[in-house]
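Remarks on the structure that follows.
As written, the chain order gives the labels A, B, C and D, with residue 1 at the start of each chain.
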């Protein structure tokens, strides 16, 4: 049954397409052209080079016989028709927010993709994040200029936080005659991309806005995993192994490793699961407490008696309420709007040191490691390199095909076009009620810090509530 | 297509479940018990610890509105009821075939999974592959013994090729009172596992046979990717970078890097895509020729004129017919039944050297690198470690839940139980008509070696034929 | 200048031997035996297995025609005669102070050396530093137990600071019948070794005390370089490269990397020279100031204008007086007697941030990295492994040959026995008037921070004064 | 013994200076100028910036009271007077022979040294080895061009073997007005440098010829260690560890790792000593035999019985006579005049496989690894980077000070100027009668392969004979 764009659900099998805007929505007479890929020698033998407009990717794939089809997203990839002639394309790329392994690969592959596949060679690099649009020089990006940048970490185009002034940016886009905007950044940046799209639509400009989600924390909803995440988890092992060696070599050694993760503890959780030498993993989603029965202090004392050493991995956003409470921290935000986190690692190190030295009168050796920059700043590893290549090429195919106001990313490992709102409204967090967190608890044998009857219940309620908010569309 | 009885297909939406055998199929009165995981502190707050017997994973997730549901596999994970009491379980683990990063992690997590989650502590290590059943001592495996083995490459239980004597093995299983058999190995090994299952069923033994697919070549069908593949692609970068530096430093330098890949060129393809300094990638699936128009020699000469150096990545199984033809090689097989491959790397190096030195009278500098063992023998990286953990735990949950004759693996990144036949009948190979191979060709700008009109067509025919064989079930 | 008796200086060519004590000095009738190495198959073909008692290593080797011979130390290595029968040897090994790559290799090679070369298999591991003598269980160390420990960082025997009670330790040595004591530790630990030697001599005990200098800071006098130093400088590159990538990617990025170096800046200096991306290197020996003309703030501003980013490497002991002055820090010491250093890295980051944000009203992006534990805790690299092997074997040969109260180490790359006092009285520091520091300044083009006429002069005076103290012997 | 004119041997204390030629030798009126370093800000506070013409480095530093002073070499470093004005210098750099980690660091530091210290900015890169002088374009080398090359392996100037035509090269030097020639290469290349020097002297040209010894095999006499050697030994560990894991995982696994070392086995020996998992190390200096009592086959069988696996490290030049004998190999040479070695690794693998399969009827698993290019092609590690910096700066200081026909290198870790002949006449080989080889034998417990009484004796005679040839000068 082949449903065209309007999607008239004959019988309600719960099929829902979360569609992405197309330029023809507000530029109905926009001409289209045959996709130059037809002539490309490399794609000559590809049986189905072009993705049909009907192809969609299913979001729920753990189903039951007859269960609702649920949400689908448009399959990414090249279309028969493109809505830009190669010579009229004037693209720009901007990178915003913190560093993450793989940004340079994405930049490189957008430039090479536009150039090799679509014969586009008018590509500008916006320098230093959003403010670069209106306060900086642009750079000409050619395959030659970006040829080796994937071998270095960081961003070739520099980055900054904040500086998003929608009107000024869209003015600049108009003034420079830019008609394709590739925006690499996290949740805050993608919200900016949505505003740019809305303003472009309001002004009726033929500008394709394509968002590429960048978050080392892996806290972007819908997509399986963010690029650079695997590289970061791998590099985090160095810090955890160092902490383990340090505390194994001293009496009552307690090693604390702070890893990235403002609102979601994915890096801390997966790095702990991959390492096997971690005794306790503290993440933003799982509240913990120090004092008294079932608290962290009690667990530390037990574990030191047992093994004489202990390693704790803590995400930067963990225990923030706890920290604020004990230090009346002011609610300062960084330029990207993220709550400026108190260094929970230094704070926890101090708390444990005081407790055991002054309260328990026990000798204790604290070793604190913060490897954040040494993880963010390395080049992406091989599998992330390939992931970034597919991501960049999907973004390019999408823009050339006239889609706009979309982000790209793998859904159940198939690249798809996702409405920006879907990835910005909800932060992807670790579900304590999922088996992955159970695996973590089983691997560390740490306490769940959920004492008192209500505790367990309100975690479940909290998450179910959160789930309901997210599922305002799906028709279960 | 075997629709499990429980499913009454009201109207035919094409839903097919490729089910896996259950012990109750031939032991109908086998008693079941509540899953001990209920009491596990770690799983206490998991909302839905147990996978419902209805949960299945969809294989085709790039669909169209109303298209057939297609094939599904049982979702992996713990079930409400188990068919073994913890104290009656006597498990054994065996590793067969070539080395691959991650084997030790799988061994460790099977032992720790059985022990921590199911209270099982009677676990035997079969030494040195299948022949270990009947010709070697077994080892007692406890969490303490395997605690650090994931930090070392290779297999803690040693391995060998061949040695599969179904009767002798099942006799040994019976004599030792083993009732759970975990078999880590490639395609050949999984065929052996199927024979063991069939013999166990014939003898009506309460023995769960669980296969864990191990192939560094990634040539196992159905599952997304085999464990150790990412680690191997990452390590291969060292060899490619070395070849690139060597040939950049000399006049007319041609570097050849031979990578694993007997029948499928995934490692060669993905390593090339991840590296960006490779000029040509030769894989078993894509025939190539040396002489004349559009041949490799012509391409090498062009590229040397252009860049004065060139890097070729070649899979060990590439050009075998070509090699055999030119050397009348005998069809010898190694103990695992794999065609003993002529070292295509040494062969190609010699051919190129002779051609340019004697025929073209050009000075040429050949640099040949075979990093095979340096890639196979390293420990798995962080993301493969987590993948192996999930794989091992799925195998344990499956066996405890009474399933048998199944392999485990991620289907669209959701772990599932897959009938062994599904993964052994067809070898997973690179589809030349897919966009990934097109991306490869685009990234190297190498010739497609498909000259003459027919060439392109017969590749497509060949693959479509192959696809039809594979899709004997799906009802599209 | 203490000339050993055996040397009749016919005419005074300035030859001085800084000799090490021998057990026969206070145990004249101590029997000696032929060195078992004679029978060793491995040493069979060594022409001159045994070092002659006349062989010495020259300290000053940059000489002039006819210049005085200067100081010499006894050449390390096996002697014809040994003063312990293999079966009577009861050796112990203790590791004190902070971690350093290579400690486990030294432990391993002392055990294997004693065992393979001298047939000694009664070797105790003292756990947790000096206090282990009187408050901990000992471990039996055999080649099998230590076989793989060189592959892990840290110390297999655990360590601690302080806890040196000479009487209690020598009592314990006497009670356990220990007659060879191998002490791995820094300057403070070697002073403890000297006290143990003096007490042993006072009690007339047949106990050989052998010190092995361990200091990642390379601040031990006389020896060329301390073990683990090369490994540390190599690992430090990761942190410097990460800082460079981070600051290159942002506007006005200032990266600060704090490296080890309490009193001497060798790691900071050599890591900077090896990296080439460092703009300024601050070490304890070279005072610096922040404000005003020629100060660090002025230099930072210039460099930011020029490159928009900057990397500063700072040794933990740098600018301590400056820090104390600005924060009236109390003079607390850690258990090893080292002045508890205020974290100069955090302090400097804060100072620069305040200055540019509040005083200069300039936007500035600070990135602070403290990789200390990630450098100390890794296993030693290949060249350090070989260095540790020679060091351990020299210590064993020395003790077996009846020497005591000595440390071992390479002098002009030839291993020698050095009186403990020689390495404890003076800390090895970077000479600002040497060409190595000039190379550093040339490579970073940083200011010398020596403004005002007197400044340069008093540095030279200070160092000449220091040199005079050190050179109480040498007769140039 | 050639005593330079300035030295009047009052009484014969055996002092000998192996002096290096100076341009004034055949250009007596060559004007000299004050060294620009005087004005350099970096060198301002260096107490003794300039090396006195009297300063020499002692070669024998293991001496005895009153023993002869022996050979000395001129201390490297800047002199008060230079014999080239900065603006008249026209320097060129050439790299010849096989790759070695660190070449790019040497190139970089010569360019930066000439530029920063001496204000020279007319520096040419000769491309592709000696033949580049007369058959290739030159490149302008500036600090900017070479800024990052030390981060990549290989040689930025390309290299080749042979192509040395003294007359053509000196013509080219004359035609281009080059007056400083920096030659980076091995033994063969340094011989070429000597011929260029002699021809320059014959023509009375004001051209300083400075040789920088490059040999990954460490087979250059007089200097302590060649640059890149430490990096190579470190990288070799990957191959040895891989071989060890592979053979530990199979029945009767024999791993063979072939390492560089045409005439001397330093890399094989030191890599083995550093690793501890090697059972046998075969080097060119130590003849071995396969069959019969005390042979390699017997040793392999014993070791397999004991451990079921074994790792052999073999230098490429080991057993060549043996190989030639058994295969009547023809004496072909590569373009650098090195005997084209039969791949002894492949040969030995085959021999062992045949022996155990056909003669001993034992199942055996051979694993052969040749990591040569993966070791040669990596960038130098941190300590080699610093070593290369000192080497390059010494070469620049020497040329500017008017010395010529000299090589640079550390003698007892102090950089010195060494007559080219001293490093080309004798190849630095492993002395079997030294304690380092004894340490190797002790660490592997391999047989000495010296059966029959004469064997040991003739090794000693052979080496003593060799020593006598080398010591035609020294007056002991």
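Criterion: a contact is a pair of C-beta atoms (placed from the backbone, for glycine too) under 8 Å apart; a residue touches a chain by one contact, two chains touch by 3 or more.
Keep in mind it's a predicted model, so treat the numbers as computed, not measured.
Enquirer: Moving only from a chain to one it touches, give the least number of moves from chain C to chain D.
Expert: Tracing touching chains, the least step count from chain C to chain D comes to 1.
Enquirer: With centres defined by CA atoms only, which chain is the most remote from chain D?
Expert: Result for max centroid distance from chain D is chain A.
Enquirer: Starting from the mean Cα coordinates of chain B and chain D, work out the distance between those two points in Å.
Expert: That gives a centre separation of 45 Å.
Enquirer: Using CA atom averages as chain centres, what separation in Å is found between chain B and chain C?
Expert: About 50 Å separates the centre of chain B from that of chain C.
Enquirer: Roughly how far is chain A from chain B, going centre to centre by Cα mean, in whole Å?
Expert: 29
Enquirer: By residue number and range, which residues of chain B touch two or more other chains?
Expert: none
Enquirer: Treating touching as the only link between chains, describe the layout with one word: line, ring, star, complete or other.
Expert: ring
Enquirer: Give every touching pair of chains, nothing left out.
Expert: A-B, A-C, B-D, C-D
Enquirer: Spell out the residues on chain B that touch chain D in their complex, using ranges where they run on.
Expert: On the chain B side, the touching residues are 99, 128, 152-155, 158-160, 238-239, 241-243, 245-246, 248-251, 255, 367, 369-371, 373-374, 376-378.
Enquirer: Please output the residues of chain C touching chain D within their complex, sorted ascending.
Expert: Touching chain D from chain C are residues 7, 9-10, 13, 15, 17, 40-49, 52, 54-58, 61-66, 72, 75, 77, 108, 116-117, 147, 150, 224, 230, 233-234, 236-237, 270-271, 273-276, 381-383, 385-386, 389-390, 393, 412-414, 432-435, 437-439, 441-443, 445, 448, 450, 456, 459-460, 463-464.
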